[in-house]
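Below you'll find a set of structures to go through.
Next come two complexes, and both contain chain A; in the first it sits with chain B, in the second with chain C.
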Partner chain A sequence: MSSPGHASTPTQISSGPLDSAPVPDYTEFHPRWYRPQVSTYWWLGKWAYVKFILRELSSVAVAWTVAIILLQVRALIRGPEAYLRFEHRLSAPWMIALNVIAFAFLLLHSITWFNLAPKAMVVRVGGKRLPAVLISGPQYVAWIVISAIVFVIILSRG
Partner chain B sequence: MAQSIQLRVSRYSPERDTQPYFQTYEVPLKEEWVILDALNYIKDKIDGTLTFRWSCRMGICGSCGYMVNNEPKLGCATFLTQYTPGPVIIEPLKNFPIVRDLVIEISDFLEKLKKVKPWLIHDDGNESGEYLQTPDQLEEFRQYSMCINCLLCYAACPISGLDPVFVGPAALALAHRYNKDSRDQGSAERMAVLSHPEGIWGCTFVGECTKVCPKHVDPAGAIQQYKLAAAIDGIKQFLMPWGQRQENR
Partner chain C sequence: MVNRETEPIFWTLFSAGGVVAALFLPVQLFIFALAVPLGWMQAPGYESLRALVHSPITRIYLFVLCSLPLFHFAHRFRYTLYDGLQIKHLNEVVFAGCYGIAILGTLAAGYLLWTV
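After this line comes the complex of A and B, so read on.
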């Protein structure tokens, strides 16, 4: 976009045969636009924007969870003592609180991801676009079934 | 129902003011009146200096987009009675420079629109001039062709405000409209412009553009579909670089 500061360049009007007086430089009219500034706290103005920021923040929780799992694997490789130390660290109250928050963010991350899928994927059957629920639905079902299997495995071993 | 309602309208005169301010007007509250009727009442009966864009009065021209109580709305499609008891706060659309009162400067959008080549591109040497299309092929892009360039989506999109080079929802949706058209062969040309951090990848899927669209165009959906297509295209180019030219056509 051209900005008020430097958009207009003076243009000399060509003098026609009828012009007898000297022709002044003509500067294209350029009003002073008002440019509203976006506040740092723009996202607090609307619940939809707050939800968006929370969803973006959820990627930090995903990264945190990945790091925890990698540390868990490392502890597992190093042997029973290392794993006990790791478990002890995880059982600290602040760590439990942090992981509960991370879990909430992971839920938000997963749900918003599944809800995005029907937006990005257009599946047509017999010329008609499949309704969103038929695209996100199977993903929710798979998510719940896989989570249930994991729970059963953990509880049956515990 | 009350007899009248207050409108707090944002005013800005480039010759006189350093920043916008609000002016309050009292207008009759009629059941059949939309925001645009109220603004025209002010212009005709109370204050002739109030400046705003409008034209068709029926959601076709896309001229009368304003922020109404901080939501982007078409003035001709938003009833006054929705906002009783008032006041109704009317401001120019967000994320654009303000020329005067409710009039915004849109040349930046027009430049972006031109960049995405929103027209049919042919290179198949069809000399008959006729391109047949089935109803199913029309259905592929019809929704995206409904855009009236009212710019409500740009006012709702925080990325458009934060990142002025972002191509933005309407222009991207219109690019998608032509890519999806069976008569068009310009998707590779558009991909070069759109598969770019300032194009589709600038969108973080806030989704508000779709919510405010008065014509149900769903720009957010168009952009996500485009992202998927670009990602698949990228993978194809990586896996089969020798097949790139044919794939893009």
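After this line comes the complex of A and C, so read on.
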């Protein structure tokens, strides 16, 4: 195959810029970082993620409840008529619907908070880890006792 | 604002507020926003309720009940926006908004309960 007539051909090719460098060409091409685009609704795909977002959103219900308490104290300061107006506003159907949702979120917060405590706080007694029930259990008891006390105090003001 | 030194403070406020919100807020909302408006419970009289709020213990109770849960909200809602909506470029605005609400709410609670 190698005839003297073609012997010059490899030489011609090797004179090109590609052949002279065994390393690949350097270009100023900027490498793209590997950053997959995550959708804003990434949490809709899995129930566990939805629960996580709902739990985090319970903080809105917490702020809402505080706002109601502040408005109630303000109405109390302003006098009986202002307080009557406050009570009237709270009994609007859309307000009750909103507060049913807010209350559900508050319950979600309480339950997830109590159940999270044993995971956040590891208590060891005699070298053994205390079972989760013994940490979240007393919190449920405290929750019920506190709620009952508040009920009794408010009922006694009737 | 949030760095290695300050994060524990914000987190402690978040945690303390979470406990207060979990234990004390549901009954509060249930009584005044559901049971009373729906007629399940007799509404407490204005004068006796005002007298109750006037007592120092109730004032301290209500102040804690308002302030700490707002700091809980600020921390949690900030991260909800951060993780959920991924608006990291608005970090400073979100931070100022969330903690602004918490601080303003605390000031309002302090003022109202001082003047009761």
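Just so we're on the same page, the second predicted complex is superposed on the first by the 118 of 158 C-alpha atoms of A that agree within 3 Å, B and C clash if a C-alpha of one lies under 4 Å from a C-alpha of the other, contacts with A are read in each partner's own complex, and residues count from 1 in each chain.
Rule of thumb we're sticking to: a residue touches a chain if its C-beta (ideal position, glycine included) is under 8 Å from a C-beta of that chain, and two chains touch if they have at least 3 such contacts.
Since the structure is predicted, the reported quantities are computational estimates derived from the model, not experimental observations.
A.B. asks: Going by the contact rule set out at the top, does A:Val38 touch chain B (first), chain C (second), both, or neither?
C.D. replies: both
A.B. asks: Go through the superposed model and pick first if A:Val122 touches only chain B, second if only chain C, both, or neither.
C.D. replies: Once the two structures are laid over each other on A, A:Val122 reaches chain B alone.
A.B. asks: Going by the contact rule set out at the top, does A:Trp143 touch chain B (first), chain C (second), both, or neither?
C.D. replies: After superposition on chain A, A:Trp143 lies in contact with chain C alone.
A.B. asks: With both complexes superposed on chain A, which partner does A:Leu76 reach: first (chain B), second (chain C), both or neither?
C.D. replies: Second partner only, chain C.
A.B. asks: Tell me which partner A:Leu107 touches in the superposition: chain B (first), chain C (second), both or neither.
C.D. replies: In the superposition, A:Leu107 contacts chain C only.
A.B. asks: Which chain makes contact with more of the residues of chain A, chain B or else chain C?
C.D. replies: Here the partner covering more residues of chain A is C.
A.B. asks: Is A:Glu56 touching anything from chain B or chain C once the two structures are fitted on A? First, second, both or neither.
C.D. replies: both
A.B. asks: Just checking: does A:Ala48 make contact with chain B only, chain C only, both, or neither of them? Give me first, second, both or neither.
C.D. replies: So A:Ala48 only meets chain B here.
A.B. asks: Which residues form the common part of the chain A surface touched by chain B and by chain C?
C.D. replies: In the superposed arrangement, which is not itself an observed complex, chain A uses residues 38, 43, 56 for both chain B and chain C.
A.B. asks: Where on chain A does chain C make contact in their complex?
C.D. replies: 38, 40, 43, 53, 56-60, 62-63, 65-70, 72-74, 76-77, 80, 83-84, 87, 90-91, 95-96, 99-100, 102-103, 106-107, 109-110, 113-114, 139, 142-143, 146-147, 150-151, 153-155, 157-158
A.B. asks: Spell out the residues on chain A that touch chain B in their complex, using ranges where they run on.
C.D. replies: 1-2, 31-36, 38, 42-43, 45-46, 48-49, 52, 56, 116, 119-122, 124, 127
A.B. asks: Can you tell me which positions in chain C touch chain A when the two form their complex?
C.D. replies: Counting only chain C, the residues touching chain A are 17-19, 21-34, 36-38, 41-46, 48-50, 52-53, 62, 65-66, 69-70, 72-73, 76-77, 79-80, 83-86, 101, 105, 108-109, 112-113, 115-116.
A.B. asks: Which residues of chain B touch chain A in the complex?
C.D. replies: Chain B residues touching chain A: 12, 14-15, 17, 19-20, 70, 94-95, 97-100, 105, 107-108, 111, 135-136, 139, 158, 161-162, 164, 204-208, 211, 218, 220-221, 224-225, 227-228.
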